């Protein structure tokens, strides 16, 4: 995993390494925290989705346009998260996304949230939360599962 | 303002008093708090909306059905909130709603959030937050302002 | 599972049946939905927590008081959710909570979100989402796992 | 107002112009939207706070460190928002922050949310929402108003 730029949201250069994994920076604001003084655990699902959205965008997939043109949307059908260490106000996080399993009607994404620290690169950043997210491709009105069109399926790395 | 039942969400009995104002109980959970140890201020807009929604329901107005049948929705166009005292985890709040000004295309609602305490009724409950919310009636697709149908307008107290 | 009252949040009478499971009503507001027209999936974690909080309260456990007196809090360490059907604006949900596994430093809770319908009791309510949540008991400052005091542990059904 | 870089969060170069106003880019994700198909209005308070937080950071003020060292925090005491046009999924917004009034115990900030469009700079970006936010400096335990230390007060432009 490459060391992300400090301030600019940017995808890892996928050509740089066979191990390159998409990563997205997230900053923690008051809205993300709870009275325990740490990030409210449900918000990691939001962080994971922001990273997946930007990963899709990096593959040329804009979800609003996709919905307008195809009448279908991606929906989350299964989430499994494990929380290791808490994040706090003002922390900078790195959120990864990578495909574990790719089908014609669904996919499984593995994601991690790491704490960006001043003296370390992303490779040695402490792991805060990791998750496995299953996404389905469904009709936006009926929510019935359907097969992705070939043009969409082809956007994903094989 | 009547003293609300301890556990059951219920509108004040409007016939009981000319001063009767709609009120709705809200309990504070972890999701509502921030690292300051108090309720995150943006969430009072959510509490006000829950109370307005239940107030509309008490007038016979179900928003999803209304959207399906009329193609129009209520949208918030102006909010002004003043924060007086913080609320904390496990607190029980009382959230009021009452019309200040009623038009054919918009209305202004006054709302208060009070802290329910064991030894006091709602009348003497400490004021935590108060707000003025302007609501418009708009086309759900174009978001253009429009006049409420008479059947809807007639639901509101004159 | 008993049929909950229509408007009043209330725990099922645990003495009524060996099958009695705690349940809590949740109403869907605009804040809970997303542009897909359905409830945003991350919010089910909030609904599950509201139900767990009220279940704890029904066992005599108030989390803010517990933190103040013990210096410890419950934290979520693992969540696994499966989404079956979407909920929509104005829907009434029933959210259950029951212990699957109880230890001295952690517990596993099984939870379901059901759609309350006019013509059915909770027993036949459609299942929208189900989850398994692992909760740990930790020091509120260091977040180190610790053993529950006997007085707390004794609050839970054996 | 300067034209912000397309992808990188960055403060406007304050030396570039006497009219330079702090601005911060925000991208709209599913979490920000509601069933009306637009951004949920309460979320503009979050966007405004993200921009204020980054504006404070650009002035050398890190809120978590400030709380740890001073025992005080900034709290929001008054908000007034006017909503002009809706934002939608995938939209890129520009959120500004500038001081209207600066005191020793509180300040008033004016903020705008603009829609970033492909063919226009920020100067001609459509105005979506504008607000006036009053911030107080309070003791983090008692929430009593207090005067800012000179070292903090001096961070703000006079």
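All chains are identified by letter, namely A, B, C and D, in their written order; residue positions are counted from 1 within each chain.
Everything that follows uses one rule, which is that a contact is a pair of C-beta atoms (placed from the backbone, for glycine too) under 8 Å apart; a residue touches a chain by one contact, two chains touch by 3 or more.
These figures come from a predicted structure and were not determined experimentally.
Taking each chain's centre as the mean of its CA atoms, C is the chain most distant from chain D. Looking at B-C alongside A-B, one finds more C-beta pairs in contact between the chains of B-C. The centroid of the Cα atoms in chain B and the matching centroid in chain C are 26 Å apart.
A separation of 27 Å divides the Cα centre of chain B from that of chain D. Rounded to whole angstrom, the centroid-to-centroid distance between chain A and chain B, based on C-alpha atoms, equals 35 Å.
Residues of chain C in contact with two or more other chains: 30-31, 36, 38, 42, 46, 49, 88-89. Here chain A touches chain D in the complex through residues 7-10, 27, 29-31, 46, 49-50, 53-54, 62-65, 88-90, going by the rule given at the top.
Remark: chain C residues 36, 38, 41-43, 45-46, 49, 73, 75-83, 85-86, 140, 143 touch chain A in the complex. Note for the complex: chain C touches chain D at residues 30-31, 33-38, 40, 42, 88-89.
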